[in-house]
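Each of the next two complexes has subunit A plus one more chain, namely subunit B in the first and subunit C in the second.
For the complex of A and B:
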């Protein structure tokens, strides 16, 4: 890396020159024209600031209704139901699918607050209308989550976003 | 263990966690039959290699040439570590990132912007040479952007240009990719920004062709290719020169430039928020060559 060593040598030269210039001006009368080996500038630092990653997740901009990608913002006021489902950190609906043992399909609804049994009743009724079958569900009151047998993430996401969560 | 719930203590119709009691039957051990009279076959079957435990090795087919020897070798994975890989980015995901405000469409979209938005993960050590734009979601894509990727499919180029955007494919060598993904740790090193290397012999035809919107291609041919693609995919090519964001859409990096606005040879001082530029003739000649 001959270039960096040249640059470093130039930096050292600048510092030596600046410290010795005071002595030289006192001792000799002829001023020495020294071209600076480096130019410092702060104008282009704007471009460097653009490259720094933001440290917080930005708030999504206001959309009137669903966005082109299919993302819907939550309603202004929470819906008047006995339960509440918060959005995830990335502003999405917290419904996830799980596949264990290669064949066990599950759907998980996380971040539930309030009366989780009312949500379970509503979800069972919704799935009854959807499939015609009574889907087994599991409620965990400690972690406030709801597990459903089978993959229903797309249906549940659209149903919850239509409710306003 | 305290369980909090809205149900009252008395008169509930479902079981609580504290209600479950252990049963002697739950913890009964299941052991195979052992011994003279209760022993029986112990789960080993009846006579033969199965019961006697002398089965041959896995893959043996009784003397017939086994499957893994009958099939001839073929170099599917030969040279896999010398092949460039491009992380795919679908238009659906790009639209999702723009909708959530993680990627700013009013600024030129670069690999750095995509990685900062956590839209893609690039691993330069796994021979990743950048990101490729895939046309999944080209029907729902509706954003006017100035995007620079390393590879793009024809459908993706059509979708971007249909919405009045600009797409360019450019080459970054592995060192430039490493710097582009993680600019801040690179600036902390105190090294001058290197100049971007030109593509190798096998990639020059890709980046000099106008159909791929290569950064080394002739601008006139690119305009002709834009019109031809619009005819092929059946949409009207919007006129960008009348656009208010035309200045941003026309921004392109120099062939040897790694970052927008910063030339090779400059050293960035993060602590004092300054940029140091060399003045030596030889250095300037090297960095501008």
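For the complex of A and C:
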């Protein structure tokens, strides 16, 4: 990669030749005359490369069922529903809560693909069974998001993960 | 041109027939034709061109031509890659050489014209510095002395000859330039704008994939004939990854106003909207997919991306 070649050229690690006396007097002449056994080596650059930050989020390790933290991986094949909800870049379910004006509670479902109205129907039915009330929802077809009045993030997350999203 | 005018006329007429036919159908069902049908006394010119029948349809599933390029990046399980023809520029009227796969997260995203509008507006305005500047009453030369006494002269009371009420006076609320209109849209919005523009070009059949940009002659007329023969459109934007283009195509496009070459790092929404057709090479496809898909799975920057990272695309 261009990165490693540039940095290797800039940071060449020089081995001091292994001589018996490691100390040199201040009045000594240039190192080449003192110590002809100077070896340039770039093998140790691996230790520098390991410290450079990665830029991509890695895939989570394979878990059979839920992880000890409670995180569930998505299903191997997408569920046979008319809509699809992708995971966020940190591999979580994209359901978020919002609180505006100090008292307006909303739940937002993002990253919906496919038939968003079918998802809205299923969400309304699920919340009807959960609360017994008809929760107002707002579908935004341009951004493909679904807003629900009230905080239902934990229930919706567990419901969506049980579906296999 | 005549062709475009008549096409638009036909479309307008079809639209009006559909609209009016529906509303008045109950009362005058016998006199109005069926929805979408043209009236019998319409005279069409002989050389009328129907754009929907010109372009080649997308490759069918059982196409015998080889798949010249597969998607390297992982395609999500619920989506499948899209396919287009891969053509060659060597002959004016050549058949396609093969097919190429395109990643759906770059070339098949949802059609967000609001994002396109935002990115286009940003591209126009972030470089803008307006140099308009007017002088305020304190900056106009003169006007320190009270012109006449406050009372008794019979004229209106004034404090200076350069107040905004006076001719030659300062402007009270004029432009105080230079003003900068610089702002930055979030990186992900700009990236999504590129993806949306590419998806629009793909959906409207204006995206063409070419194996390489080698042409036999440095003649501009060859390019024009090729574009006219293949019905690519009025204006064509040719994109390649390499900084250096082949000599022939450089020379051919240098005289043409409507055919332009850009490197892949220079691809932007404004150019894609300005030109009707966009031509990409196979290496450009790989480059664009690498760069644009990285944004979907990257961390938020710990330090600016200009500094080295381990796996920067």
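Just so we're on the same page, the second predicted complex is superposed on the first by the 122 of 165 C-alpha atoms of A that agree within 3 Å, B and C clash if a C-alpha of one lies under 4 Å from a C-alpha of the other, contacts with A are read in each partner's own complex, and residues count from 1 in each chain.
One rule holds in what follows: a residue touches a chain if its C-beta (ideal position, glycine included) is under 8 Å from a C-beta of that chain, and two chains touch if they have at least 3 such contacts.
Just so it is clear, the structure is predicted and the values come from calculations on it, not from any experiment.
Enquirer: Which of the two, subunit B or subunit C, is in touch with more residues of subunit A?
Expert: Residues of subunit A touched, subunit B against subunit C: more for B.
Enquirer: Report for A:70: first if it touches subunit B alone, second if subunit C alone, otherwise both or neither.
Expert: first
Enquirer: So, A:54: does it touch subunit B (first), subunit C (second), both, or neither?
Expert: Both partners, subunit B and subunit C.
Enquirer: Examine A:89 and indicate which partner it touches, taking first as subunit B and second as subunit C; both and neither are also allowed.
Expert: second
Enquirer: So, does A:132 touch the first partner subunit B, the second partner subunit C, both, or neither?
Expert: neither
Enquirer: A:142 in the overlay: touching subunit B, subunit C, both, or neither? Say first, second, both or neither.
Expert: Once the two structures are laid over each other on A, A:142 reaches both partners.
Enquirer: Scan A:80 for contacts with subunit B and subunit C and give back first, second, both or neither.
Expert: Touch status of A:80: no partner.
Enquirer: After overlaying the two complexes on chain A, where does the subunit B footprint on subunit A coincide with the subunit C footprint?
Expert: Subunit A residues touching both partners: 3, 6-7, 52-54, 57, 142.
Enquirer: In the complex of these two chains, what residues of subunit B are touching subunit A?
Expert: 3-7, 14, 17, 92, 95-96, 98-102, 107, 112, 115-116, 137, 140-143, 183-184, 187, 191-192, 259-262, 266-268, 270, 273-280, 283, 286
Enquirer: Quick one: which bits of subunit A touch subunit B in the complex? Just the residue numbers, please.
Expert: It comes out as residues 1, 3-4, 6-7, 10, 35-42, 44-48, 50-54, 57-61, 63, 67-71, 90-91, 114-115, 117, 141-142.
Enquirer: Using the touch definition from the top, list the residues of subunit A that touch subunit C in their complex.
Expert: Of all residues in subunit A, those touching subunit C are 3, 6-7, 49, 52-57, 76-78, 84, 86, 89, 113, 142-144.
Enquirer: What part of subunit C is in contact with subunit A in the complex they form?
Expert: 76-78, 110, 112, 114, 294, 296-299, 302-303, 305, 308-312
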